[in-house]
Amino acid sequence: MKIALATTGGDAPGMNAAIRSVVRLATEMGHQVYGIRRGYCGLIERDWWAMGPRDVSGIVNQGGTILRTLRCPYVETEEGLSKACEALSNFDALIVIGGDGSIRGGWALHERCGIKVVAVPASIDNDIAGTDTTIGFDTAVNTAVEAIDKIRDTATSHERVFVVEVMGRARGFLAVSVALAAGAEMVLIPEHPFTLSEIESSLDEGEKKGKSSSIIVMAEGAGYAPSLVERLARDRNYSVRLSVLGYMQRGGNPTATSRLLGALFGEEALRAAQDDREQAWLVASVDGKLVHRPLVDALKPKDGPDMRMFDLVSRLAV
Amino acid sequence: MKIALATTGGDAPGMNAAIRSVVRLATEMGHQVYGIRRGYCGLIERDWWAMGPRDVSGIVNQGGTILRTLRCPYVETEEGLSKACEALSNFDALIVIGGDGSIRGGWALHERCGIKVVAVPASIDNDIAGTDTTIGFDTAVNTAVEAIDKIRDTATSHERVFVVEVMGRARGFLAVSVALAAGAEMVLIPEHPFTLSEIESSLDEGEKKGKSSSIIVMAEGAGYAPSLVERLARDRNYSVRLSVLGYMQRGGNPTATSRLLGALFGEEALRAAQDDREQAWLVASVDGKLVHRPLVDALKPKDGPDMRMFDLVSRLAV
Amino acid sequence: MKIALATTGGDAPGMNAAIRSVVRLATEMGHQVYGIRRGYCGLIERDWWAMGPRDVSGIVNQGGTILRTLRCPYVETEEGLSKACEALSNFDALIVIGGDGSIRGGWALHERCGIKVVAVPASIDNDIAGTDTTIGFDTAVNTAVEAIDKIRDTATSHERVFVVEVMGRARGFLAVSVALAAGAEMVLIPEHPFTLSEIESSLDEGEKKGKSSSIIVMAEGAGYAPSLVERLARDRNYSVRLSVLGYMQRGGNPTATSRLLGALFGEEALRAAQDDREQAWLVASVDGKLVHRPLVDALKPKDGPDMRMFDLVSRLAV
Amino acid sequence: MKIALATTGGDAPGMNAAIRSVVRLATEMGHQVYGIRRGYCGLIERDWWAMGPRDVSGIVNQGGTILRTLRCPYVETEEGLSKACEALSNFDALIVIGGDGSIRGGWALHERCGIKVVAVPASIDNDIAGTDTTIGFDTAVNTAVEAIDKIRDTATSHERVFVVEVMGRARGFLAVSVALAAGAEMVLIPEHPFTLSEIESSLDEGEKKGKSSSIIVMAEGAGYAPSLVERLARDRNYSVRLSVLGYMQRGGNPTATSRLLGALFGEEALRAAQDDREQAWLVASVDGKLVHRPLVDALKPKDGPDMRMFDLVSRLAV
C-alpha cells in the first residue's frame, strides 16, 4: 500500500511517537508511507515525501510534530475538497493523526473521494467521541498539574485564592483530571453550570474549616476567567489571582503514557488500514483495550467527564 | 466504623494521595480513621493516632508515605500474628495500602483475626494479580523514561551501547513499559528467556542499519546486569556502559495518573469497607473500570506483561 | 542573641533553604531564632514562635516560605512603625528575607527603632541593587525557560509567532536571561525602548532567512502584551499568539543554585548579625563572592541588565 | 578566518548551546566554521563540513553534542599528532569544547602544529583549572539533586540510610554542590580524607538528635561505594542502601545556566580567536566575569572545592 500520513489541527505531545510507529511498522509490512507536510493544506499542495525508518529517529521523546500542522479551512470548500481528492488518488489510504477537526476532515475526504481513511485521535482536550483517551491528554494533564503545584507554593505562602484557567476547548475533561490530581478546591466546567454565589459559599466554607488558600481550576470553555476573578475580588475582600496556563499545555516532551499510546495507536492504525470491512476507521482505546471502530462513531457528541471524578474534587477538598 | 489505615512494604508515589482520599472521605461518611505508623510492626506496637482532614493537607503531591512504612517479618510469626489480632480488636476494618507483601499480610490477618480487610494496590512494579495497574507504577515508568532520555544524549553523542537496569522485582511490567516509551532498542525480562547471542546479533543488525547507539532496558529480575555488560564488552569491541537506575524509581512527586489512582482507589476502598458480601477485598482497576473484588483474587500469580507491547519494542527499533 | 526572622513581600523559591540555614546555624552558635509569621504584619501582631533545628526539617527542597508572607502597608504608617518597634524590643536583631519592599521596610525599622537589621535578598526579579543575584532568580529563569521549551513545540509545529510575557516587575533582568537561555528571537525590556516597526522588521528579516516560527520574550514592565499581539496580528498576516506565564514563575521546587544561595546567604546573614561595624546590612553576592555590605547600598536604583547578554539574544537569533 | 570546531571527551549539557553560539556569531563576523565530527579522531580522518546558521537550529535546549564526541588516544601518539597537524593546516584556528582531556589535547596541538587554539571548558565535573565553572556543571548538579529529592522520599518513609554516589572523576566539586543543595547529611570527597568510624559516629549523632533517615553523598573518586555500604551495614544494624546515579548525570536538557554559559563562552571564544597576544587561550568565568586567559593556566591542578560549602553540609545537617 501507498499510505499518506498527516498530522492536522492542534499539535499534541506523542504525535511524533505515533508517526514513528506508523512509518516503521508500515515499512516492516512492506508498505510505503508518504509524509504530508502541514496537514490537509499540504496535501492539496502535494507537499509530501517518501519516509523511511531513519526519518523518524530520535523523535519518540519530542513534542510537536515533525510533519508540521496547520488548520486548513480551504479543504472544507468545494474546490479544496476536489483538489484534495485528486492528490489522494496517488495513495491507497490516508492515516490522519489529530483531533476533532482532523476527524471531520478525514470523514469528508472519505465520503467525497472514497479513499480509505484511518483517524488516530490525538488531542490534549480528550474531546473525541468513541475513544476513552487521546494521544497528548496525559501529557497536558501532567503539565497543568505541575504548574499548579508551583502556583500552590505562592497560594499557600500568601494565603490567597487562585483561579487557574486550563485548556479543553468546549469540554471539561482536562479540567476535571487536572483539578483532582492537583488537589484543587473546586473545578468549573462547561458541562456543569455554576453560579457565583455557589463559588463564594464554597470559599467561605473552606475558610471556616481553616483553609488559608484555595485553587479553583476553570476550563476555558466554562466562562471568562478574568470576569470571575474580578467579581470574586469585588464581592469579598478575597485576595484573588488569575493564572491562564495557556499554550505550554500543548507542548513539551510527551509522558510515558502519551508515547505508549502513540506506539500502540500507530500499530492499530495499520491493522485498520488492512481491514476492509470498513473504509473509514477510528483507532480507539475502549475499556483499556485497543480497537479500531467505524469512524462514524467519532462524529457523535462525546459523553461528559466522569462525574465520580468531578464530585471527588469537592469531596476531597475538605 | 473505626478504620485502621496502614502503608506497608515498599513505598510508592501516590500513597499519600490515597491516604488523603481515605481520611477525608471516611470523615465525610462519619467513620474515624486511625493512622498506623510503620506498617504491621507499628500495628503490633499500637503506634497509631486518630486522623482528621487537616492531617492530610498538602500531601497530595508528595512521594513516599506520611504513615511511614517498614517490612515487618515479625507479623508473619505466630506471636506477631496473635499480637496484631489483639491490636486489631480496636477496629472494625483495616485498610492497607501496599504491594504484594501487604496483600499477603492483609490476607493472613483476615484469616487469623476475622477482621474485615481492604487492600489498596500500590507498587511501582505493577506485579499484583487482579488489577491492571497499581498506585505508583505510572510515576516509576515516567521516572525511568526521563532518566533514559538523559542517558540517550550521551549514548548518541558517544555512539555507545547502554544497558539500563530498571526495577520490577521478579517481573517485567516496568521494563516493558519503560522500554517502549523510551524507544529503547531491546528489553530483557524474566518472563521471556534470551541468550547472549540473540542480544549480540540484534546489536549487529542495528549497526548494519546505521544505528550508532543502542539502549537495552533490563529488568532487575532478568539476570545480573554487570555480567551482561562485561560479556558484551568482551565478545565484541562494543563500547558498553551500565546504568542501574535504582531507588530514585521509588520516589518523587507522583504523576497525575498516580494521584488520580490514589484518589479513586481511596474512594473504592471505603465502598469495599461497607460491602459485607466479602470480608476481604482488593480494590482494582479492571478494563478501565474501578471495582472491588475478593482479595483472594490477588493471591494468584499475575499473567505476564502485554506481549503486544513487548514485541513492539523490537519492531519499532529498526 | 535573640533573632527575629521574617519573610516579607513576594515569595521566592529558596526562601525555605535560607530559613533552614539561619535557624540551624544560629542554634549552633548559641543564638535563639524566633520565626515571625506573615512578615511585618505578623511582627506587629506579635505572631512568632521559638524555632529549633527540627522545625526546618524537610523544607530545603520546598518552594514558598514556611513563615508565610504578606505585603503589609500598615507597617509604613506612623502607627504601624511604632508598634513594630515595640515588638522588636523583644529581639537583638531582625533578619528579613525578601525583595525590594522587605529591604525598604527593614531600613525604615532600623532607622526608626535603631534595631540591627540584616536583609537577605530573595526575589525572582533580581531587581535589588548591591547584589548580583537573589534567592529564587535562577529558579524563575529555569521555570520560564522550560515553559518556553514547551511553547516552542507548538510554535514550530504551527509556524507561528508567540509573545511570551515573563515577570520582572519594572525591570528586564528575568526577561533577558530567559530569552537568551530559551533561544528566543527577540526580547523586549523596559530598559531598552522599542517600536512596533522595529519588531515587525525583525520578524520580516527572520522570515526571509527561513525562520518559520519566532518567540518574543516580553518583560511585564515593557508594555501591555495583549496590545502588542493585537497590533502585530493586524499589521501583518502573522499568526500571533500570547502566553502570559504568570504566577507559576514564583513557585516550584528551588533549583540547586537557589538552594545553595539560601544556605550561603543564611550563613552570611549570621556573620552580618555579629558584625557591629554597621547596624543595617545587606547580604550579597558580588563578583562571585559572598559579602555583607551596608544596607544603604540596596536603596539605590540598580543598573540595567547585562547589555552583552541583551545583544546576544538577537545576534544568536539569525 | 577558517575555524575548526570540535567537541571532545565526555559530553556535557550546554555543548550544543556553545556550538550554536560559535557558528552563528562567527558567520556574523565573516568567518567560516567547519564542524569536526567525533573530536580529534574525526579531525585526523578529515570528517568535517562547513556549518551555517541553519545547521544549529533547534539545538539550544538539547543535551549531548550534534558534533558527536569520542575519546581519541590515537591523537596522543606521534603519528596521530602529525596527521592532526596536517589536517589543521586547512584552518586558521581550532575551537575545542570539552573537559580536561580536550584541553590537554588542544595544548599539544598548539605546541606541535603552532595553530591557534581556543578551549571552551565544558565538563559536568567542573574540574578544570583557570575557570570557576564549566558548561554542564549546573545541569549535572540539578540532575543529581532532583534524583536525591526522589530518593529521600523512600529514605524518609523507610527510615533508612542511603549512600548516593555521584560523578566528579577525581574531584569533589560536583559532590559538594549536590550535597549542600540536596540537604544531605554528609559528603565524602577525595580532597578530604575520612574514616569509617567518623561516618558511623556522625550517623549515631544524627540518630540521637531524632533523625530517622540520612543521605550520604559520595564522590566517585572518594572510594568504592559498595564497600562502604557493606561495612556500614555490617558494623551496625543500619538499614543502608546504595544508589549510583551514573550516566544520567551527563545528559538531559541543559539548565538555563548551562545554556547561558554556552552562549557567552561561545562569544568569548571568538574574541579569543581574534586576540593575537596569545596563540592558545582558555575561555573562563572568573569572579563572575567572562574572560579569556592563556591556555597554560588550565594545565595546572585546580584548587579544591569551596571549604565553606563543604563545612556547611554537616553544619546544616543537625
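Here the chain labels run A, B, C and D in written order, and each chain numbers its own residues starting at 1.
Please note the rule applied: contacts are C-beta pairs under 8 Å (C-beta built on N, C-alpha and C of every residue); 3 or more make two chains touch, one makes a residue touch a chain.
A quick note: this is a predicted structure, and the numbers were derived from the prediction, not measured.
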Length of the shortest touching-chain route, subunit B through to subunit C
2
Strictly by the touch rule at the top, which chains does subunit A share as contacts with subunit B?
none
Can you name the chain that lies farthest from subunit A, using the mean of each chain's Cα atoms as its centre?
D
Equivalent interface positions on subunit C and subunit D, same or different at half
same
Approximate Å spacing (C-alpha centroids) for the pair subunit A, subunit C:
35
Distance between the centres, which are taken as Cα means, of subunit D and subunit A, whole angstrom
40
Can you check how far apart subunit C and subunit D are, centre to centre, with Cα atoms defining each centre and the answer in Å?
28
Residues of subunit D that touch two or more other chains sit at 149, 152, 156
According to the definition of touch, which chains form touching pairs?
A-B, A-C, B-D, C-D
Quick check: in the complex, which residue numbers of subunit A touch subunit B?
17, 20-21, 24-25, 27-28, 53-54, 58, 60-61, 132, 138, 141-142, 145, 149, 152, 156, 177-178, 180-183, 209-210, 253, 255-257, 259-260, 263-264, 267, 286-290, 308-309, 312, 315-316, 318
Touch list for subunit C against partner subunit A, complex:
7, 10-11, 13, 38, 62-65, 68-70, 143, 147, 149-154, 156-159, 162, 241-252
